[in-house]
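Here the chain labels run A, B and C in written order, and each chain numbers its own residues starting at 1.
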Amino acid sequence: MKNRSGINEILLTVNNLQVSFPSPKGVVDAVKNVSFSMGREKIGIVGESGSGKSVTGRAVLRLLPPYARVRADDIIYRGRDLQSLTEKEMRQVRGQGISMVMQDPKYSLNPVRTVGKQIREAYTIHHQVPKQEARAQALQMLEAVRIRNPEQVYHLYPHEVSGGMGQRIMIAMMLIPQPGLLIADEPTSALDVTVQLQVLAILDDLVSQRGMGLIFISHDLELVASFCDRIIIMYGGRIMEMVDADKLHESTHPYTRGLLNCLPKIDGDREPLPTLERDDAWLDDPVNRAGAL
Amino acid sequence: MLQMLTRRRLLKAARQTLRLLVIVATTFLGLLLITFLIGRVVPIDPVLAVVGDKASPEVYEKARIAMGLHLPLWKQFFIYIGNVLQGDLGTSVLTAKPVTEDILRVFPATIELAVTATIIGVLVGIPLGVFSAVKRDSFLDHVTRVIGLLGYSLPIFWLALMALMVFYAQLDWLPGPGRVDVFYEDIVEPVTGIMIIDCIIAREWEIMRNAIWHVILPALLLGYYSMAYLSRMTRSFMIEQLRQEYILTARVKGVAEWKVIWVHALGNCLIPLITVIALSFGGLLEGSVLTETVFAWPGLGLYLTTSLLNADMNAVLGSTIVVGSIFLGVNMFSDFLYKVADPRAR
Amino acid sequence: MTNRQNLTGARAWLLTDTPDSAFQAASGRFYLGLLEFFRNRLAVVGLLIIITLVLTATFAPQIAPYDPIATDLASRLQPLSADHWFGTDEMGRDIFSRIVWGSRLTLYVILLVAIIAAPVGILVGTVSGYFGGVIDTVLMRITDIFLAFPKLILALAFVAALGPGIENAIIAISITSWPPYARIARAETLTIRNSDFIRAIRLQGAGPIRIITKHIMPLCLSSLIVRVTLDMAGIILTAAGLGFLGLGAQPPSPEWGAMTSAGRSYILDQWWLITMPGTAIFVVSLAFNLLGDGLREVLDPKSDS
């Protein structure tokens, strides 16, 4: 699973993914008819809260709660049908094949274990090595995310590090088993603006260096546009549009246009910004699949 | 770890320890104040209790002075504190021995019960709570919750009586009240006060077996209450932890599910559970009073109630101080453990 | 037709998204809380049991077939029968009647303890939390000192000093019950103390008494109601425990704990002497636990029962 094929290799194929949850009002489709393919590229999934973007990521990793109903025609990672794997086999895919970075390190790191121990665990799950070697790997990884004094940070607890450092630790932890695909679920949303750029730069570097695929989930359209190669726009659990990042501003889909028009521009006029209008009809329209591989 | 012991941290630790000592000291003083005041509030004249109501006025006055009751209240309190700190809790009216000696004699029996019950509670209650939280709304979950609910609603003295009736009277599986059968009493030399250990020391194997049989029912009974409480709290803590994001992180890493539950989630529960176990110990001291009464178990609880029914104020207050101090000590220790275990609290 | 319209009208008024007054909004919330509460069957069972308790206590003279105190040695230790639903005790008294009358004692204890302990606790807690500083330290030390005793032990000590009797038992239990309420009230006060609306009222010139009584105390109420209800279960058990030890209501009062104790000698053959009062204690305690759990789910949605 670790040898790198050509640049055109398809890493992940998702066909007709549907996720539904039971609710007091009946069954709710959090994700419906989501399909996409990706290779060693950076794909952004953009949408409002409740658009199903996070659920999609977790569905791929099979980490939704047991009461969620997940169905898809295909979820194929590097030729392996993920839906057919046993839990034990899926655990091997997690971390080593596909990994995920979450939003806020204050909550996503175990508060009672040192940072170093947590990174080490991420490594020893997939590689049976003595403690010293795992420690060395962890320290190396801390350096890779540009933490200046890895020896010291190794012994710190999550509450003793800043947000930016915590997120870098998270990235280190998720990349140490060398996955082929990384899902980043709002990785910078909990950070200050200046720190955001630093963390993104590190993420960018590491993903490129290792020839990984990246799914970048966010609500920030501009950020995704500047960072990713392609963008998937979701609304109400469905894909509205898939575009290349550089062609984003030429989009004709009404929802995308609505999102773009809501963004303040420094050279825009002084009129009040338009309010985003949503049309439930979009939930039934066929999807514009421009740019699919 | 050693690199963390900078001068600053040492000073901080010293300050915290000092603060802790002050808190312990003031609470203990408050404890003594309350028992002192209770003692002085008694409607029975303590002097009369000693000299009898046929004594002449001179004897009465002599006794009164001897007991220090002519002094102003605050002076009496200081003498009281001094006495207690020296281990003098007065003399028991009933046994005519120093209360301290009485308590030292009966105290281990209660500790035997309380410790056994806590162990049962921890070993059974915590795993039950974990299973209950993981498999919510399953049959096991409902059973655990019912057990917990019963533990909060059943009167312990009633359950004790029922248990005696069923297991001793009807089924004859377990022996009756007392620490050992009547004809075994007073044979073994009380070295530690804990019957089973003393039997081992004295190599009285048959008496030891008898003692073990006798301790089963009261220990299980108290253990049930401990277990009900701990399982309920564990369940609550576990549900809270399993909701947290770091659990998702562990699963994303590929950690095995059993490890996610028993190491990651439970690991985070252990810290508040320390406080809960300490509190449950206090509840066990309470429950022990009633249990010992039913099982004629010669511990501190039975001593307390017997003294009470005989208006032996010194013994009652002495026991109260001892129980209160133990509880205070246990709580302080658990607070300390909490600070050590939780990295966020340092 | 008209009825259905009225119902819709009242419900519409309660559930509207745009209430016209604070009263309407509060009523709507109360209604929704009520609906949620009644969805919890166990909690409703608890409530029904407690209502039964209150009714039994109120109408004891009408319900009890026999005089609870009158002895009739000729018919002592009778088993359950049509004449004596719960049998008779060692003095020939009808156990069912004694339990019915005993419900008055139970209710008496619960109400008085709640009325004494809860206000004291809230007062100490809110004052301590609001003023902070030395007042807080002193009051919390006092609270901690009382908390350092296991409840029953301290109650025993007090009863030892004051003498047995139900009033003394009530005082003793109340003295040991108020500290947890003080802690809860203080915790809530600390959360609210620095919020903007308190600052606003203070700017309007409100003094501490007004702030504490009119604004802070009401906000503490919901968690306190839950805690008091749950505590009631424990208080019943403590009171029964005191009765069992002979320190509560004195004979021939039909106090349930004392009845259980009296039945000890007859445990083998006349099991009903112990079982009946014990079950009564259990059922009432259980009811308060169920009710308290139900209230907690409605009033404190964060916690998980």
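The criterion applied here is as follows: contacts are C-beta pairs under 8 Å (C-beta built on N, C-alpha and C of every residue); 3 or more make two chains touch, one makes a residue touch a chain.
As the structure is a computational prediction, the values presented were derived from the model and not from experiment.
Trainee: Draw the chains as dots and join the ones that touch; what shape do you get: line, ring, star, complete or other?
Mentor: Chain contacts: open path, no cycle.
Trainee: Please work out which of B-C and A-B is bridged by more C-beta pairs in contact, and write that pair.
Mentor: B-C
Trainee: Which whole number of Å gives the spacing of the CA centres of chain A and chain B?
Mentor: Measuring from centre to centre gives 52 Å for this pair.
Trainee: List the centre-to-centre spacing of chain B and chain C in whole Å, with centres computed as mean CA coordinates.
Mentor: Inter-chain centre distance comes to 25 Å.
Trainee: Residues of chain C touching chain B in their complex?
Mentor: 141-142, 144-146, 148-154, 156-163, 233-234, 237, 240-241, 244-247, 257, 260-261, 264, 267-268, 271, 274-275, 278, 281-282, 285-286, 289-290, 303-305
Trainee: What part of chain B is in contact with chain C in the complex they form?
Mentor: Residue list for chain B touching chain C: 23, 26-27, 30-31, 33-35, 38-39, 41-43, 149-150, 152-158, 161-162, 164-165, 169, 236, 239-240, 282-283, 285-286, 289-290, 293, 304-305, 307-309, 311, 313, 316-317, 319-320, 323-324, 327-328, 331.
Trainee: Hey, which residues of chain B end up touching chain A in the complex?
Mentor: The touching residues are 244-246, 248-257, 264, 267-268, 271, 341-344.
Trainee: What residues of chain A sit close enough to touch chain B in their complex?
Mentor: Contacts found on chain A: 61, 63, 87, 91-96, 99-100, 102, 104, 107-113, 121-122, 125-126, 157, 159, 170, 173-174, 177.
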